[in-house]
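The following pair of complexes shares a single chain, chain A, combined with chain B in the former and chain C in the latter.
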Partner chain A sequence: MPFDVKAMGDETAQREPVEKVIELRLPSRLGYERVAMDTASALARRMGFHTDRVESLKTAIGEAVTNAIEHGNQHDAATKVVVMLTARDAELIVQVADQGRKPLDQECTTRQPQIAERLERDDKGGWGIWLIRELMDEVEFSTAPSGGNQVRMVIHLER
Partner chain B sequence: MLEDELTVSTRERDGVAIIDLFGDITTFAEEKINNAYREVTNQGARFVLLNFRQNDYINSAGIAILIGIVTEVSRNEQKLAVSGLSQHFQKIFRMVGLAQYAEIYQDEDEAISRFKRLT
Partner chain C sequence: MSTSASAQMSIELSLPSELGYEVIARDAIAAFARRLGLAPERIEDLKTALCEACINAIEHGNLLKPELRVQVHCRVEAERLVIEVLDQGVSPFAPRGEPLSIIEKVSGLGSLRGMGLLLISQLCDEAGFVSRSGAGNCFRLAFQRQAIGGAHC
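Our next item is the complex of A and B:
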């Protein structure tokens, strides 16, 4: 389902009990992804997620927000990254949206980097989206009507 | 406040060059880690241990920096190992494939006692 920076809060609030939704509006500056990681971590612990799953969540949300800051918003201080955390009984949904200064190439959302190939080239990066896919139970990348990049991630609570 | 959260220092123990990394391994870490690696390499290090301490945040940019070190270690015919990683980041290192190029030890003592026996 599409969501964007402006509409995401309203849409989600209509679907979910408002007390289960946390919304963060972060400056497009590296380092602020830590705020999203710490918030998600605190929420996931309270929900009963095991430590290893909390760590996976922190890595995934950190990568998603970093991508939004660096790529989607191009470090533009006038833009924000919106993070929405929705706590359900058996899962935690994380939505991250940027304002689309640069659209995400959809092809790069399914790429699987290989370390042997990375060792041979100057750019050693490109692991972030792959890590998100590996660590989360459900991942969906999309583009908002406004052009912003969005990622929706779900982690299931195993009891 | 939120950016530069890494302290890097180097020392030598039993013929192993140890690079201690306190803090976050992100894009801001590149210069410090590369400088420390160059320093121990210029001093003739053959065995290099990246000793992670209090690292609760290693992201994909940090992983890219470490892959760069792996490239240099191979070029300079050195041996690389890592120690002190949490269970989560040991898993990440294995997923990415870094474990193929650097032995992973639980802590510095284990690394020192076992690392050099590999040769």
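Our next item is the complex of A and C:
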């Protein structure tokens, strides 16, 4: 889908890949991750992703936005979560950024969760980052230009 | 709901000005409306109206220039869900007198195209262009919230 023909009427006309960017700004309130999930799902379907990959994407983006609301923005309703979806010819890039009320512990981004340890937690949580890494093809945690936490996830389009 | 609380519970979406992307706006804002508890049949009205408004922005406001953007702003007020579709105003909206009704159009009195605004006005509680400082058209759609049950924004 995201292709543009730059040089028409020329024997050497080439199809150059172009990016199509969608930006979504959400309140830091639990439940709004559903808006990001449905937005990403609509784009991924339009790009031709298979249903199971769309479901993986929805789960991963839901976890990333939930993390941004709960941890990065500390449920502060005055802050926003910014989701950037970039559609390329063969991949969809998802960037989720918060406003960094609490910086992400880098150790959390690489640690393998232990089932026994997690089950001892009241909320049985702590699986989000692991899940994101399992479901997406590329995952990178960094600091957003705004200074908040940012996760960049890539899912490849297999035709 | 106070103004600041309303501002906090707003979402903003920015899309490429290209036909087909109205579907992304439709699904995003429908998810927002579901979360607010809007009745399913009203969400269907919203989806159709929003798609028409986005197509107008892409086709008419931005004259199908793919490098331009369409913005969709959505906010919750005490009694209304308000959605604004903003284009970059390559072609400012200019009203052309009283439009033909849908019945007149299907009776053959005019082109079957150009029914988007009529359709939108039938589906929303409020709809119309609003003045905007700066360049671009702003089309506002609003849905009353009294039909919203168990709203939890």
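Annotations for the structure displayed:
The rule is simple: the second predicted complex is superposed on the first by the 130 of 159 C-alpha atoms of A that agree within 3 Å, B and C clash if a C-alpha of one lies under 4 Å from a C-alpha of the other, contacts with A are read in each partner's own complex, and residues count from 1 in each chain.
The definition used in the following text is that a residue touches a chain if its C-beta (ideal position, glycine included) is under 8 Å from a C-beta of that chain, and two chains touch if they have at least 3 such contacts.
All values reported here derive from a predicted model rather than from experimental measurement.
Touch criterion met: A:77 reaches chain C, while chain B stays clear of it. In the superposed model, A:90 lies in contact with neither chain B nor chain C. Legend: residue contacts after superposition of the two complexes on their common chain; A:52 is shown touching chain B, with no touch to chain C. Once chain A of one complex is fitted onto chain A of the other, the partner contacts of A:62 are limited to chain B, with no touch recorded for chain C. In the superposition on chain A, contact of A:128 is made with chain B only, not with chain C.
When the two complexes are overlaid on their common chain A, residue A:26 makes contact with chain C while staying clear of chain B. By the touch criterion stated above, A:34 is placed in contact with chain B and with chain C alike.
On chain A, the patch touched by chain B and the patch touched by chain C overlap at residues 29, 31-32, 34-35, 37. Remark: chain A residues 29-32, 34-35, 37, 52, 55-56, 58-59, 62-63, 66, 114-116, 118-119, 123-128, 131, 134 touch chain B in the complex. Residue ranges of chain C in contact with chain A, taken from their complex: 5, 8-16, 18, 20-21, 23-24, 26-28, 30-32, 34-35, 66, 152-153.
Looking at the complex, you find that chain A touches chain C at residues 1, 4, 20-27, 29, 31-32, 34-35, 37-39, 41-43, 46, 77-78.
Contact residues on chain B toward chain A in their complex (touch as defined above): 1-3, 26-28, 57, 59-61, 63-65, 67-68, 70-71, 74, 86-88, 91-92, 95-98, 100-101.
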